[in-house]
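Shared between the two complexes below is chain A, which pairs with chain B and chain C, respectively.
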Partner chain A sequence: MTGIKLSNITKSFGNTEVLKGINLDIKEGEFITLIGASGSGKSTLLRIISGLEQQSSGSITINDQDISTKRPKDRDLAMVFQSYALYPHLSVRGNMEVPLRMRAPLWQRMPMVRKINKKAHKVLKHIDRRVDDVASQLHIEHLLDRKPSELSGGQCQRVALGRAMVREPVAFLMDEPLSNLDAKLRVHMRGELTQLHRDLGTTFVYVTHDQVEAMTMPDRIALLVEGELIQVDTPDAMYNNPKHLKVAEFIGSPTINILPVTLSNEGRIMFDEQRLGSIGFGRSRANDSISIAVRSEDLKLVSTGTMKAIVTHVENMGSEKIVYACADWAKGPLAIKAGSQVTADIEQGGPIFLAMDIAKLMFFDHQGQRIVQEKIMQGVA
Partner chain B sequence: MSVASVTSLPVKNTVLVENMSAVSREQRSAWLLSLPAIALMILFLIGPILSVIALSFTNWQLGMTNINWVGLDNYREMIGDSTFWKAFNNTLMYVGIVLPVSVIGGLLVALLVETRMAGKALYRTLFFLPVMGTLIAMSIVWEYILQPDFGLLNMVLSKFGMSGENWLNDKDTVIYVLAGIGVWHQLGYNLILFTSGLLAIPCHLYEAADMDGVPHGWSRFQLITWPMLGPITLFVLVITSIKAFQVFDTVAVLTQGGPGKSSEVLLHLMYTEGFEFFRTSYAASITVIFLFIILLITVIKIRFIDKRVHY
Partner chain C sequence: MGYDRLFSMLRHLILASLALIFLAPFIWMVVTSIKPEDEIFLNELRIIPERFAGYENYRIALTETPLLRFMLNGLIVTVAIFLSQVAVAVPAAYALAKLQFKGKQVLFIAILACLMIPPQAVSIPWYLLMYKFGWLDSYAGLVAPFSISVFGIFLMRQFFNTVPDDLISAARLDGYSELGIVWKIMVPTAIPALISFGIFSIVAHWNDYFWPLIVVNSQEMLTPPLGVVAFKSDEAGDSYGPLMAAATIIVAPLVIAYLLAQKRFIEGITMSGMK
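Take a look at the complex of A and B:
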């Protein structure tokens, strides 16, 4: 099978287990993001793929070739670092040349050899041309003679990308490459990276803690929580069909609303002493504690009803407003996304009434596992 | 461009006039605040230097009441003085050995110690010990080691069937022995400076080099370590050369410039002329030459090299 295959990767630092058996197939040409909170092990996983870190156990194959114990330079991967990691004393051209030059034999790299040896001249000429090509692809031709200290953050990022691109590696590994850029530039670079991925068609493994980056760019998202892969899926499926409560919590802004409820002894959903709609779980889940998760856009504001809440504050996003409210029955804060017309007369401290579409609700058991829809019995008497 | 400057100039001027009193008040307090430091510098640094320069043009001797202006006589005497040239050449020779050996050695040892997994602190401490010790006391220890009959060095050599020299009394070996002690004393200091430089190199550069396929060893050193050590290397070079030019303690304790002036150095010559023969004005002119050399090193550092090692 082509692509990168991780089997049972574990990593421990002393007694701390950072990665607990990761299995992941990254398809060739795929753009995949590894996302997770800080300390979830996502960067460690990337470094293990790159070979900068050695896994405690497990194996990695690239295109069916076992590279588990190979040195980073023999893995044919390129990495873009969060800090760019440009060589400060080399010009942009010098920086971009490094991956190609350093793979030439030492004697060819000696000063002046280029002038006397035809072969070395040819090799170095080829490198020059390749650097020019990549530079024009990234629109940094005019910067080639500058030093990194004379560049802005965004330009440094391009140079770092260029340095990774000159060698045409099997895959690009990116460790939070945009997190040092300002917000506006980050949005712009997101688009450029996606475009670049389309142009190159090479595998991208992209580590981030920013769920917007994780959602907008990739073909698939892999969510890591405390060293375990919770779900690997398309951004769409991660948002609309999370398999675990933690996925639902992590993806989406504002954070999904979670309503803890206790089932009745008949397995019915009792909500503030009232039955919720006509659905239930049957007697197998009698008296269980479960969580109901509902996206902020699936909560509707209505003129009156049983679900009353008090507005704590309103965030105006321009095209829409996010109303934050609290209610006893929710046992915590709620976020409701609504159009600006609907929310025109809402004020802080005032009461609102909510309704929710039962079909849009997601149920999770007390361990956080999704209770699949089929098990929910419709129309229990 | 020119239009803009013409229109903006008068505006600027009025602002300047309005702020004049505020600026002068600020300037006055700035001078007032730096006055103690300036006074101390004049008293202990600039004053003595100026008076030494002035003395070097007189014939004053310590304790004498009469003082005459003799112009360049002291310098003329110095040019004809074979002892001065001996001391000058010996000092250059000493610097010529101590500077490269202790700088390159310090760098090599720092690299070796840093690549080791265990025992870093122990090695650093061992190499740094000579720096912490007083050189006068250390010199006495060296005197015992180098003693021709019962000294440690010759005893060890005789165990291997070699006969040691009378190290400090042989005019062919004495300056090398002193330079050796100088290296021993300076190496640990340079090691610590280079170690701090090595630790300051961001490790993601080495990781990037790993990904870029830079081979370990020379290529890596040449691509990252050496350029990143540039500023610290410059500092080490300047400090070591100045310290080497100032060699005095070991000479004073071990040889007093002997045998036959073969280990005479500038600072020791200045000391003997000034405080043993009381030829203060002549000693002052040696000092001026000495200061000039130190100044030269500093100027070279600031003017030529500083710009090339900072990125």
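Take a look at the complex of A and C:
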């Protein structure tokens, strides 16, 4: 199999287990984002792939070749760091040359050898040309003679990308490369990176905790929660078909609404003694606690009904508004996304009535596992 | 406004007078070095001598004793000490700041403890060691006890701690060996720290009087401060003019070096030279 394959990777620092058995197949040329809360082990996983950190157990193969114990420089991977990690004492050109120079034999890199030896001259000339090519691809030709301290954040990140690109590695590993940039530049670079991925066709493993980056850029998303990969899927599937409550909670903004409910002894969903629609779970789940998850856009505002809530505040996003409300039956806050017209007469502290599209509801058992649709009996009398 | 002005003037006045107090002995040394014998001990405070005797004082200082030889000794010893201190301190500081190994904390505490040992306290063991090695009265004997500077290790460790870990990770991925990282990545980023350490080290060992006094016997091996004292007892007797001329000559290299590296030195002390 081509691509990067992680099997049963675990990592402990002292007594704390940071990664608990990671299995992941990254296809060749794929753009995969690794997301998860702070401290979930994203950077650690990336550093293990790169070889900067040694896994406690498990193996990594690239194109069927076991690289588990190889040193970082022999893995043919390139990494881009959040802090850019440019060598402060080298010019931009110097920084970009490093990965190629360090792989030339030592004698060829000696000062003056270039002037005497034809072969060394050729090698170094080739490096120069490669750096020029990459620089023009990233539009940083005019910066080649500057020092990193004379660059803006965005320019630094381009140089860091360039340094990763010159060597044409098997895969790029990126650890939150855009999070030090301001919002506008981040949007711009996001587009550029996706374009770059399309042009290069190289595998990208991209760590982020930015929702939008995670959703818009990749072919697949891998969600890491406390050292475990909970779901690896396309952005679409992660959003519409989460397999675990944590996935539903993590993906999407505003956060999905979660309604904790207890089933009746007949397996029906009860809100304040009232049955919800015609859904039932059968007697096998009688008296279970489950969670109903519903996206903010699947909650509808209606003029009257049984689901009453009180508005806490309203966020105006321009084309739409997000209404935050609370209700006893929801046992917590709710977020409702609605068009501007519908929300025109809503005011803070006022009552609203909600309706749910039952087909859009997602159910999770008390361990957070999705209750698959077949198990839900529709139309139980 | 007027108050601010007054305050600023007052502040400068205080600073200037303090500077004058610290500079006074130095100025007196230079002034004495150009005075004739009979003008040195006068009842009055005379800054500018009536008869300029600088030429003969400096001629005596340079010809009566091998002052240049002493200065060459000083140069060899201080440079050798500094180079070996750097060769040891930089890799050691890198390991302490950036590598993980068992006993790192204990080792660091041990280094801090060494900072507190006064050199005089260990001078007798050192003397015996130098005797056993047969290094008494030689450059090796002058250099060896100072070839490892715990202060240098400490200073460089503090500086390396501020270098981001990502930079080292990047270097490892780019193919640098650990020694490559130390000398090609860490050292270039730590130039201000190295310069200020260099000044501390060179000034301390150029001016060191205690240890050379113990290990050195023969005149060819004398370092500059010993040379000046030898000058006083042997040749000049009570002639303070040539003595002060000799003293001026031996501090001159330090002052010149300091003035040349002044900007870097202040950078190094404030450690703000890095971005």
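Just so we're on the same page, the second predicted complex is superposed on the first by the 381 of 381 C-alpha atoms of A that agree within 3 Å, B and C clash if a C-alpha of one lies under 4 Å from a C-alpha of the other, contacts with A are read in each partner's own complex, and residues count from 1 in each chain.
Criterion: contacts are C-beta pairs under 8 Å (C-beta built on N, C-alpha and C of every residue); 3 or more make two chains touch, one makes a residue touch a chain.
Just so it is clear, the structure is predicted and the values come from calculations on it, not from any experiment.
Chain B and chain C, once both complexes are superposed via chain A, clash. Legend: residue contacts after superposition of the two complexes on their common chain; A:336 is shown touching neither chain B nor chain C. Contact with both chain B and chain C is seen for A:83 once the two complexes are overlaid on the shared chain. Once chain A of one complex is fitted onto chain A of the other, the partner contacts of A:106 are limited to chain B, with no touch recorded for chain C. Legend: residue contacts after superposition of the two complexes on their common chain; A:135 is shown touching neither chain B nor chain C.
When the two structures are aligned on the shared chain, A:230 is found in touch with neither chain B nor chain C.
Within chain A, the residues touching chain B in one complex and chain C in the other are 50-52, 71-73, 77-79, 81, 83, 85, 87-89, 98-99, 102-103, 148-149, 163. The residues of chain A lying in touch with chain B in their complex are 50-52, 71-73, 77-79, 81, 83, 85-89, 98-99, 102-103, 106, 109, 147-149, 163, 167.
Looking at the complex, you find that chain C touches chain A at residues 164, 166-167, 169-176, 185, 188-189, 274-275.
Here chain A touches chain C in the complex through residues 47, 50-52, 71-73, 77-79, 81-85, 87-89, 98-99, 102-103, 148-149, 163, going by the rule given at the top.
Across the complex, chain A is touched by residues 202, 204-205, 207-215, 218-219, 223-224, 227-228, 230, 311 of chain B.
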